[in-house]
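You will see subunit A twice below: alongside subunit B first, and alongside subunit C after that.
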Partner chain A sequence: MDATEIGLWGVPLAMLGGAIRVSTPFIFVSLGEAITERSGRINLGLEGTLVFGAMTAYAVAVMTGSPWLGLLAAAAAGLCFGLFHGWICKFRGVNDIAIGIALMLFGSGLAFFFGKPFIQPSAPDLPAIPFGGWSDVPQVQAALNVNVLFLIGAALAVFLWWAFRNTRAGLILRVVGDSSDAARAMGLNPNTVRLIATGIGGALAGIGGAYLSLYYPGSWTEGISSGQGLMAVALVIFARWNPLGCFAAALLFGGAGALGPALQSVGVTQGYYLFYAAPYILTLVIMIATSSPSRSLAGAPGELSITK
Partner chain B sequence: MTERFMLSRRDLLKTSAAGAALGLASASFPISRAFAAAVTVGFVYVGPKDDYGYNQAHAEGAATLKAIEGISVVEEENVPETVDVQKSMESMINLDGASLIFPTSFGYFDPHMLAMCAKFPDVQFRHCGGMWNKDKHPMNAGSYFGYIGMGQYLNGVAAGHATKTKKIGFVAAKPIPQVLLNINSFLLGARSVDPAITCQVIFTGEWSLAVKEAEATNALVDQGADVITCHVDSPKVVVETAAGRGAFICGYHANQSPLAPEKYLTGAEWNWAKVYKMFVDDLVAGKPLPNFTRGGLADGFVKMSPLGPAVSEAARAQFDGTLAEMMKGGFSVIKGPLKNNKGDVVATEGQTFVEAAIELESMDYLVEGVVGSTA
Partner chain C sequence: MADTVSSASVPVMLGAKSYPTAFEWIARRAEAFVIPLAALIVGMALFSLFIALVGKSPAQLYETMWRGGFGSWFSVQNSLSRAAPLLLAALCVALPARLGLVVIGGEGAIVLGGVAAAAMGVAASGAPAFFVILAMGVAGLAAGGIWIGAVGALRHYRAVNETISSLLMAYIAIALMNHLVEGPLRDPASLNKPSTEPLAEAYRIGNIPGMDVHWGLVVGITACILSWLLIEKTRWGFAARIAGGNVRAAQVQGLAVGPLIVGFTALAGGFAGLAGMLEVAAVQGSANASLAAGYGYTGILVAFLARHNPLAIIPVAFLLGGIDASGGLIQRRMDLPDATVLVLQGMLFVVILFSETFYGRFKAFNPDLWQRGDLLKGTA
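And now, the complex of A and B:
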């Protein structure tokens, strides 16, 4: 048996590697959505923002040769989308969910339109840090090639978790999300807070898109997202609006998503459609296991239109 | 989620303007009237037409028609396999005056193209990959396809020489006959070099799923596969991921060598230009178009990418030899004695299936040596 034969160890290794590789867009989009939803709004348009961010990052990276400029441009584009959503939703009678769906279609349509000339060229990738240097096994080294954005996402999750509880900004965000009346009594303008929260949420989703096109899978195609932005929005509810929960849920989704290909690669080939459904089955199981009639949707911001 | 790229409207305006100009020109120069009766050909693609894959191969074929005098081409991309494709075809016929339409994606055939055939009996429809049957389908419909499995066999020959681990990998979309034939051909080509080689296949379940294709490629490389090929709509992600992990690549659909020039061995490409020109020539000449068109390497329907720098001399010799044999016609990839990977006999001693054998178009097995399952 030579060094390249890892056999069944490939499955947990692929799940670990998959969790790290695939989860990053989920982390950024769900953290962004967590901020937005904590302020009392839902932005379903993040799927569109993710796709547009992916296109922008790739296009700018191709034109300037710098993936970091691409990342910055994606964040800026995401910020614009978020601010637009936040601005429209301040008007009376505007439904944030409907605007979100409109922005989702608009974002992907616009990305496809501007992205046409960038399907062919190759852009430089964002750098990864090799944490697997201690191992002689190339598969371990490959799995532990961790992109900087993943580390930033992990740090951001911890920071947000702390900041929601322990900072003035976090308190303002939660007050606005839980009760507009209380916020106004405190002299806060809920619309301004939500505008900023949705803007930051959009910027984070844009960064998630940049990861897709500039690192993994690392190219701009129109099918690059395949609904990851929508799933990330659902993850926020699954994670009960807790940033650490968002991070864990994103890892779980990434790892479970790697299960299907990994099992086929070690020869477990029957029923692969079932393995591909693993992330969703897992979500259902956890949702059912953690639900309770006495405390439904614990942690939900009171102003959120789906819980009102 | 589906988005339609509406540039075709603009194309439509352009073509109708060009058509009007042509009409004027013919009024003043009666001699050119034969050309002014311009033939408009419509193409419908399921994805973007520059995807480094399936749709690009068709679009490259369509592009060669544009150079022919008197032929105008209308195209629409990203058309889903739903009633949307009917609307696209209808607008090509009613607004652009298309008299020949190529709906290029598998799922366009039934019921969408057939509905259009009934509605517009004067318009010709030719579908890529569909199984036209003269007992069941109208005469203004038809289907064309190429024997690209031969190309995957040649890919396998190059892969068989390049692999050191004796393990090659295949990222496949769905277990339909054409994909299974490609997988089997790839392995049998490699086994013509070394019978100990095995091929690991991973099905992603969809024609275009970038993240899953990347995961599948990583999983194959993790398990020691050092030459990777694929059958998905856009091989770009597979090619870039595999090359990034240091594996060799055999391409598919179109030439992907610019994506990984050092690691690209060769590739099985479509040559639709030849097929489309044939149809259009018949149409212009007023001849009836064939309803059932098939062809392989020898007919120029399929071609191979130029061999890459990593291909050894021995590999080159065997590749060229096999290719020459195929060009003579009558080459069989599937020939007895051959078992499937469950141990059942699929071809007995002396039994051969040439490329045109109709049995191959309903293939439902993976041959011995392929690690994978069709369900």
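And now, the complex of A and C:
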């Protein structure tokens, strides 16, 4: 058997490679959202932040020639969106979920507005590390060509998991998320903590967007994000606000997202659109399976409106 | 906060329960008009600033917007045509909102309602036009109703967050539409733009006599009025408002909250499905990818601007339909991207939500405070 003809084995292999490729934006958005939700707020606007981050990264990379400057700009733009959400939600009567929906539309609108001139030119990509060099099979090489952001995301997940439990900042974040009153009794200002947490969450979502436009799919189009930012929010709930869980769930979602293209690569084109919907269906099924009307979710921050 | 009201003020508050003067009556209701209107003006001002910052003239922009959306009979008709689906899409947000639910996936119900109606129109061809159009309407209502009703059922019986689930279901619905339109329901003759088989001319919905606006506008306005009557004048609407205020209190009162939530969300989705049916029967002539034109998302903004009041939805839908309609003219005349309208919508949305914080803060709108004088100063 010719080594390049691996037949149906190509499907799981393409899904593994796809899981690594597709999951990276999920990892960053969900880790950012985990930080935000741990502080007791929910930011549904990360979908808009992701799109705006993708546009900013691409535009800056085109203009400066450096993908890393693009990444930095995307993080800064995301930080601004996050800080805005965090600031506006401190006012009485302002609903964090509704503001998130508004910022989702606003972020996408702004990105399309400023992104028009950047649909044509091509930007330099973020570098990837070929871990598949030991194999002669091109599919294996393709699957194991891992982008540096994936590795950074993995490291960040472990760091956050450790930091939530073992650092002073992690403790402050969890106290504010569980009870505003307890936080105030400790002399903390919940609004300030949430402002910072939402800002960091936005910055990470911006980085996720940079990955989309600068690596995979690797160009700026108006349809660049199809709900990844929103699915990441659902994923955080599924992962029980645990950064390691977020990482694992992101891989799972990435694999589901890669199902359609993987089947297509081996010649299965029937029902392509249904396979394309796999990540959404998976998210929905997981939400149904893990929610319960009779008990609140284990590990849920007490101040979080979405689980009340 | 209620528990900080000093005991001295309580008799005064109770004593104030006399017949309100006309002036008081106006003052209480003025808040609901003045604050959204002020927010609209502030939003427009911020957008002017944005336009000035990108080097264009705000005055020219608003002049173009007026001309494109409202300035002539032609443009008014165009705006009204766009308002028709917005009315129904906004109801899909406003009805669940009265129960305290934030449903944002109306786009999915529109798309599936359109596909179901198109399939029905093809399957029933040959029958008298009246029955076919009626059957298409029922198909659209049912498809949208089942889709969003499921969101409500998941919310009540499984505690699945309705905001996220409805948007996920919108993505699933669009994938389902693409699958059906490019696969089982595809008209082989549609090459460049995969579509279902075109409806026979007899089964298409025409224009209101004397206007270049299809009957969907009448359907939308009727749906808004019926929804207002449902919420304000029926016991179901009363129960919904109680449940929207406090679910537990409603359950203690013996209200069947589950059927109420499923019923309201299903009706809401049905209206959105009807919007899809109208797009198919009056505009497109078949179901295709154009069904996902974003009416569901603009409808969210319409509902929030109208503060989920079905009657207020009517003027707001006209306003946003006009802004939508002027997008093309703005793009051509001022060399601005088509997303300009999206930026304006986003800004208005944020400002409107921010304005929520001002309710109850102005003494002018609260006659109770006139009589209580300075008693509550520093405690309210």
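The working rule: the second predicted complex is superposed on the first by the 274 of 308 C-alpha atoms of A that agree within 3 Å, B and C clash if a C-alpha of one lies under 4 Å from a C-alpha of the other, contacts with A are read in each partner's own complex, and residues count from 1 in each chain.
Assume contacts are C-beta pairs under 8 Å (C-beta built on N, C-alpha and C of every residue); 3 or more make two chains touch, one makes a residue touch a chain.
Only a predicted model underlies this, so the values are computations on that prediction, with no experimental measurement involved.
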item: First (subunit B), second (subunit C), both or neither touched by A:233; value: second
item: Which of subunit B and subunit C A:17 touches, first, second, both or neither; value: first
item: Which of subunit B and subunit C A:94 touches, first, second, both or neither; value: second
item: First (subunit B), second (subunit C), both or neither touched by A:109; value: both
item: Subunit B versus subunit C as contact partner of A:284, first or second or both or neither; value: second
item: Which of subunit B and subunit C A:190 touches, first, second, both or neither; value: neither
item: Touched partner set for A:223, first subunit B, second subunit C, both or neither; value: first
item: First (subunit B), second (subunit C), both or neither touched by A:261; value: first
item: Which superposed partner A:245 touches (first subunit B, second subunit C, both, neither); value: neither
item: Shared contact residues on subunit A - subunit B and subunit C; value: 105, 108-109, 112-113, 116, 226-227, 270-273, 276
item: Residue numbers on subunit B that touch subunit A, as the complex places them; value: 1, 3, 5, 47-48, 50-52, 78, 165, 200-205, 208-216, 218-224, 234, 236-237, 240-241, 244-245, 259, 371-373, 375
item: Residue ranges of subunit A in contact with subunit B within the complex; value: 4-6, 10, 13-14, 17-18, 21-22, 47, 104-105, 108-109, 112-113, 116, 119-120, 122, 139, 142-143, 212, 216-219, 221-224, 226-228, 257-258, 260-262, 264-267, 269-273, 276
item: List of subunit A residues in touch with subunit C within their complex; value: 44, 88, 91-95, 97-99, 101-103, 105-110, 112-113, 116, 226-227, 230-231, 233-234, 237, 270-274, 276-277, 280-281, 283-284, 287-288, 291-293, 306
item: List of subunit C residues in touch with subunit A within their complex; value: 102, 104, 154, 156-161, 163-165, 167-169, 171-172, 175-176, 178-179, 182-183, 297, 300-301, 304, 337-340, 342-343, 345-347, 349-350, 353-354, 356-357, 359
